[in-house]
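A short worksheet on the structure shown next.
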Amino acid sequence: MTDTVLQVRNVSKAFGAVQASDGITLDLRPGEIHALIGPNGAGKSTLIAQIAGALRPDAGSVWLSGQDVTALGVAERANLGLARSFQVSAVAMDLTVLQNVVLAACGAQRRVWRFFRAALRDERLIAPARAALARVGLTGEAATIVADLSHGQRRRLELALALVLEPTCFVMDEPLAGLGADGSAEMTALLAGLKAQAPILLVEHDMDAVFALADRISVLVYGKIIATGAPDAIRADSDVRRAYLGDGE
Amino acid sequence: MSLVLLLEQVLNGVQLGVMLFLMAAGLTLIFGVMGLINLAHGSLYMVGAFAAAAVSGLTGSFLLGLAAALAAAAAAGALVEMLVIRRLYARDHLDQVLATFALILIFSEGTRWLFGSFPLFLDVPTWLSGPVALPLGIDYPKYRLAVIAVGLAVAGALAWLIGGTRLGVQIRAGEADREMIAALGVDINRLYTLVFALGAALAGLAGALVGAIQSVQVGMGEPVLILAFVVIVIGGIGSIRGAFVGALLVGLTDTLGRVLLPVIMTHIVGPQSAATVGSAVASMAIYILMALVLLVRPSGLFGRT
Amino acid sequence: QDSALKVGMITTLSGGGAGLGIDVRDGFLLAVKQAGVPIDVVVEDDQRKPDIAVQLADKLIQSDKVDVMTGIIFSNLAMAVIPSAVAQGKIYLSPNAGPSQLAGPGCNPNYFNVAWQNDNLHEAAGAYANSAGHSNSFILAPNYPAGQDALTGYKRFYEGELAGELYTALGQTDYAAEIAQIRASGADSVFFFLPGGMGISFLKQYADSGVDMPVIGPAFSFDQGILQAVGDAALGVRNTSQWSKDLDNPTNAAFVESFQAEYGRLPSLYASQGFDTANLLISAMGKADVADADAFRAALKEADFDSTRGAFKFNTNQHPVQDIYVREVVKEGDVFTNRIVATALRERGDAYAADCPME
Amino acid sequence: MRRERIVNAALAVLLLGFPLWAYWAGEPFLITLATRAAILALAGVGLNLALGTGGLVSLGHAAFFGAGGYAMGVLAWHAQMYAPMNIAGFEIAGTKSMPVIWLVAVLTGALLASLIGALSLRSSGVYFIMLTLAFGQMAYYFAISWPAYGGEDGLSIYVRNGFPGLNTLDPIQFFLLAYAVLMAVIWFMARLQVSPFGLALAAARQSPARVQAVGIGVFRLRLVAFVISGAITALAGAMFADLNRFISPTMLNWHTSGELIVIVVLGGVARLYGPVAGAILLVTLEHVLGGFSDFWQIWLGLGLLAVVLFARGGLVGALAGRAVAHD
Amino acid sequence: MTAPLLDLRGVTALYGSSQALFGVDLTVEAGQVTALMGRNGMGKTTTIRTICRLLPNRAGEVFLDGHELSGLPPHRVARMGVGLVPEGRRCFAPLTVRENLTAAARPGAWGLDRVVGLFPRLGERMAQRAGTLSGGEQQMLAIGRALMTNPRLLILDEATEGLAPTVRAEIWQAIGTLKRESGLGILLVDKSLRELSAVADSAVILDKGRSVWAGRIEELSPDLAASWLGV
């Protein structure tokens, strides 16, 4: 277990009577895409929120690159290399695409507490921002106000924001949600290339994408991991078929 | 201080609380349903009091005055909703704050223009005036007991309306998603006008009831507005139950603070300045209460997060 | 109209308290009209906000170049405007506010108070309490300087015991807790100073509570403008005032009649003060030119005019020396008004004059 | 944006030109009015950082405005009375020097804002509005019943405080001083808005979760903005007190907070020169309408309503068109 | 030939000043399912919003049973028999399941019992707040809520987004049942062509705010699908 990037140890979280996370243990290793699937309401988003630091677990701990980060907040974990994407796009709607990415660069380079120098004149911020936009194919939209983007473009921006952080791991909540067939295909290709840079913990309901991308899959049901393994093993697992995949697959 | 006096003061606190609830109920209803900060609530309260004073002055009947207060405030509310508020639902709180701040100016000076600058007369009707003897030798004004009764009735009626009727279900559905309830066939504009008029009528009722034992004058709504805000923020904005509990808490804190703090201060700063220091702290007591509640529960006692 | 004397009046004409300013203005303008002398009055509304009042004072002095200023109702506004106005050489005639700071060491040759020093009516109430045989008063006022002064003023002449002394919040509207304390205190009388709406609320609630010990207060809560709103609750209450509608002198009779004819309402205490202020000014105009400041001040100080309140003269600190009466609230037909029942203090100056360096 | 720059320049020139004309025409009172507008604009610029850029609708900025005012009042009063203050056993003399007073005002405002901000910023939306209102009212009631400095009556400072090299009693000199301070602060704000800090603050208004996720602590960000905002408003308060040579608890009343919001929204929320336009408009309206009728506030109210309903983006917005993010 | 249940002719629409629809033609027959297809941002949701009058159309006409809908407020359109299952479910979160269902109920064949018969899971959760339901349950609730208004035309916008495969299968099954048993006209937006093909009778494809293809679903060739839908 020495070379894990992200580790979740025995994490539990209850909302009233609902046990959303029930002693979850899970890890993410360098170079892999680890998919987390499970029925609606299984507790996937809740787990992501606990990994990112937006929710505090009732019990258990979260480790990032060998450091216990359970007590840290969202921003501090981001500074330690955790990049997260949201199930619903969370971007500054009235700013331009470039400003959004530059902002992420500010965060990544700890250049927030500067009050005088114009952010968009600072080459150290602009260069990585443009590079990230180029990778997701948004170079042409750099000056567009985010509110004017289409849904798919916003999902790409979401990804660019994570890229610019140069994280040690990605945690993504349904990055394909709401993308059309073509968009899904593009995004799948992007994600496949991304794992070389940093491993990805991926929550997704699109099984085509999951089986195409994942190196390992964990299945979460009612707050518990019921199976972890290679895609083929998961596809064959009868418990998983009953709880999630159904017989149509 | 004797125990009986203390008990009487607790009763006074409860009574003030119920009065505050009357003032706050309409405000929290409007906020809860429409997500609207209505700073002009105090103005509707004033409209109610003036209408009651004018009509009961003309007819000599307190009950007709109350009816006039309800009608005038509801009409003013409906008018304001249709002309102004309707355009503000989609705006942020800032625009709402400013527009309703402007409405305060218009209502206040408009009322002064109509009724002049001097306070109006509105008094407790004879059949409710004077004290009744309660157990333990407490003499308590009949009228205040009547206000408690009306307050409790309003609380019950609102709880029933919101929780137990189909109209209430639609109101709450509109609160959650205005566009969706319209797309399901509910005339949301009419519903909102109705709710706003109802909230305004409650403000008017409070203005008339409370006006009878206070002064009916321009600007009477403003201290009330702030108090009502404190009440609903403590209770959790939009919650009728929260408004009720918040009102009682504020009423008790204020009354007991006024009574006890000067006594307590005698031991701290000595008798000379105890009265002034105690009263100074007492005037801040409810704000301190509110700050404390919000520090522990950032969205009030019964608020949704 | 070049030779007209220019008066700048800053008073409260909108918002809460506007009624007082309107009465002062109307009383003042009535006197000017009756005298038919060349006086230009520039009236400005301070909205009861000190910063607006200061701004208006600057305007009157710098733009309108007025000779004399007057009009302010509230002490806190007076303190904002008067010290700097008189320092700039303007003559200020106060038709209402008389803060103690301006009566003692802070007195000024350019400052004349035509109404009263703030403590006067409270002192009279204390004196009256003695003569009425009260020996255990419960006293209350809002917790701000004027309120604290009021209780101090009452205690200056009052000789009995205090059953309780209470400060309420400024702007408070519910007095149930205070009334319960009064009832429990075993007092034989209540003195209160609660100006404006606070007094109306207190009196109505007091009357409704069934507590029936006698109440005394300064005229402010029982004056013409406010009485109709208090109604029966005020009937029989004794209050102290330097003026009353039924004061028996020809000036007052003429004033009451002409005011009613002009404006269609009974004059108030404030209207009488505005009227007297204007007449004081007019009397000085007949004796000296305003350009000659010393002579004009001397003419003012003579106070050679017929006051609605009878005998009137200035003390060394240029505050009134006058009689202060006790009035009782009565009903005349449908209208609540006051009737004089006694004189509380005769030729009363004020407690601060000794500290005033002027002679 | 080009258009907005032109509008801004026009406003700056108007605010400077009008009193210069008044000086030439011998109308000192109009200079005083312009000074009032400049100082209120300064307070608005402070509020605008929290309210516009940061999206923190504070109904309690009167507390900072008043704190600045009282910093001036207390220091000058002690100097005027030749009575040193006694703070925890230390004797501190008062002062009549504006730079020192300003420094104290800014520090007082910043301190108070960090206290109120630290407590209020834990909540959001209407709760934030109401918490700031509550803290503001606490300050107000405290000032009313605190007898040492005049309570409700306030304090008069008979002679305006001094500034090295200037005769501050001369209206035009005092105006120029206020104008210079305003322009300096606006310059600072212009830099701030496009700096990483300004960008992050604007983004935190629109999507706090995203700002957290890129490693920027939103609470700290907002707190710093709130403190800067409070400090600037306090500076304006000190100058306002000097303009009137008078302080009173009215400065702390929630109506003052409301008026500051009116200034910002009238002029244009989050626009650099919005508060300048708003202050000019408000002071003009007050002055012009006041002579119009006793009920002029009705017209003021109707005017405000018209701006909110029909001129979104305020005066600057109406003149300069849609706000496009900076640069 | 009788008029179709829903008929759009040359509909255009704007968001503020930016045009989103440039001319959409579309029909839905009673008792049939029409699939509305197109890539992201091509105007599917916008089309649906204009049908429901949540967005006014700039030009063109929308007929329901031969009645023009332009100019009506949304609640009138709903009362004429249009039931909407919106993108993102939009259940009334603070209300219970029962309250969600009764909020807009109108008399007709569909009542609580029949909805529960269709989605037994909702019956088990009648008193639970909608906000705490799982995504799939919320989707069922949104469909049930639309049915409670007893519509003649049911519109489902991305009714299976973010749902687990098992739940998805259940919903497809329910739509099939509805079509067969109730004679409703159904307009359907979904991204899975495979699953759509199994249930829809006809299809309309949108591209950049225009309807570029319409016909029987069987006639939609793989080539066409590839060029318009990118699959």
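A, B, C, D and E are the chain letters, set down in written order, and residue numbers restart from 1 in every chain.
Keep this in mind: a contact is a pair of C-beta atoms (placed from the backbone, for glycine too) under 8 Å apart; a residue touches a chain by one contact, two chains touch by 3 or more.
The structure displayed is predicted, hence computed values, not measured ones.
Student: Taking a step as a move to a touching chain, how many steps at least join subunit C to subunit D?
Tutor: The least step count works out to 1.
Student: Spell out the chains that contact subunit B while also contacting subunit D.
Tutor: Chains that touch both subunit B and subunit D, as defined above, are C.
Student: Let me check something: if the centre of a chain is the mean of its CA atoms, which chain is farthest from subunit B?
Tutor: Checked the centroid distances; the maximum from subunit B is A.
Student: Write down the chain pair with more C-beta contact pairs when B-C is set against B-E.
Tutor: Of B-C and B-E, it is B-C that has more C-beta pairs in contact.
Student: Taking the mean of the C-alpha atoms as each chain's centre, how many Å separate subunit A from subunit D?
Tutor: Here the centre of subunit D sits 43 Å away from the centre of subunit A.
Student: Approximately how many whole Å separate the CA-defined centres of subunit D and subunit E?
Tutor: 52
Student: Just give me the whole-number Å value for how far the CA centre of subunit A lies from that of subunit B.
Tutor: 48
Student: Just the number, please: Cα centre separation of subunit A and subunit C in whole Å.
Tutor: It comes to 74 Å between the two C-alpha centres.
Student: For subunit A, which residues are shared contacts with two or more other chains?
Tutor: Touching at least two other chains: none.
Student: Can you tell me which residues of subunit E touch two or more of the remaining chains?
Tutor: Touching at least two other chains: none.
Student: Check each residue of subunit C and list the ones that touch at least two other chains.
Tutor: 14-15, 143, 148, 169-170
Student: For this structure, give each pair of chains that are touching.
Tutor: Every touching chain pair, ordered by label, is A-D, A-E, B-C, B-D, B-E, C-D.
Student: Applying the document's contact rule, which stretches of subunit B touch subunit D when the two form their complex?
Tutor: Result: residues 31, 37, 84, 87-88, 93-95, 97-99, 101-106, 108-110, 112-113, 226, 229-230, 233, 237, 276, 279-280, 283-284, 287-288, 290-291, 294-295, 298-300, 303 of subunit B touch subunit D.
Student: Can you name the residues of subunit C that touch subunit B in the complex?
Tutor: Result: residues 14-16, 18-19, 22, 143, 148, 165-171, 173-174, 176-178, 180-181, 183-184, 196-201, 204-205, 208-210, 225-226, 228-233 of subunit C touch subunit B.
Student: So in the complex, the part of subunit E that touches subunit B is made up of which residues?
Tutor: 52, 54, 73-75, 78-79, 83-84, 86, 90, 92-95, 99-100, 102-104, 106, 145-146, 149
Student: Show me the residue ranges of subunit D that touch subunit A in the complex, using the header's touch definition.
Tutor: Where subunit D meets subunit A, its residues are 188, 191-192, 194-200, 202-203, 205-207, 209-218, 221, 224, 323-325, 327.
Student: Would you pull the subunit A residues touching subunit E in the complex into a rising list?
Tutor: Per the stated touch rule, the residues are 15, 18, 38-41, 148, 150-152, 174, 177-183, 185, 205, 207, 243-246, 248-249.
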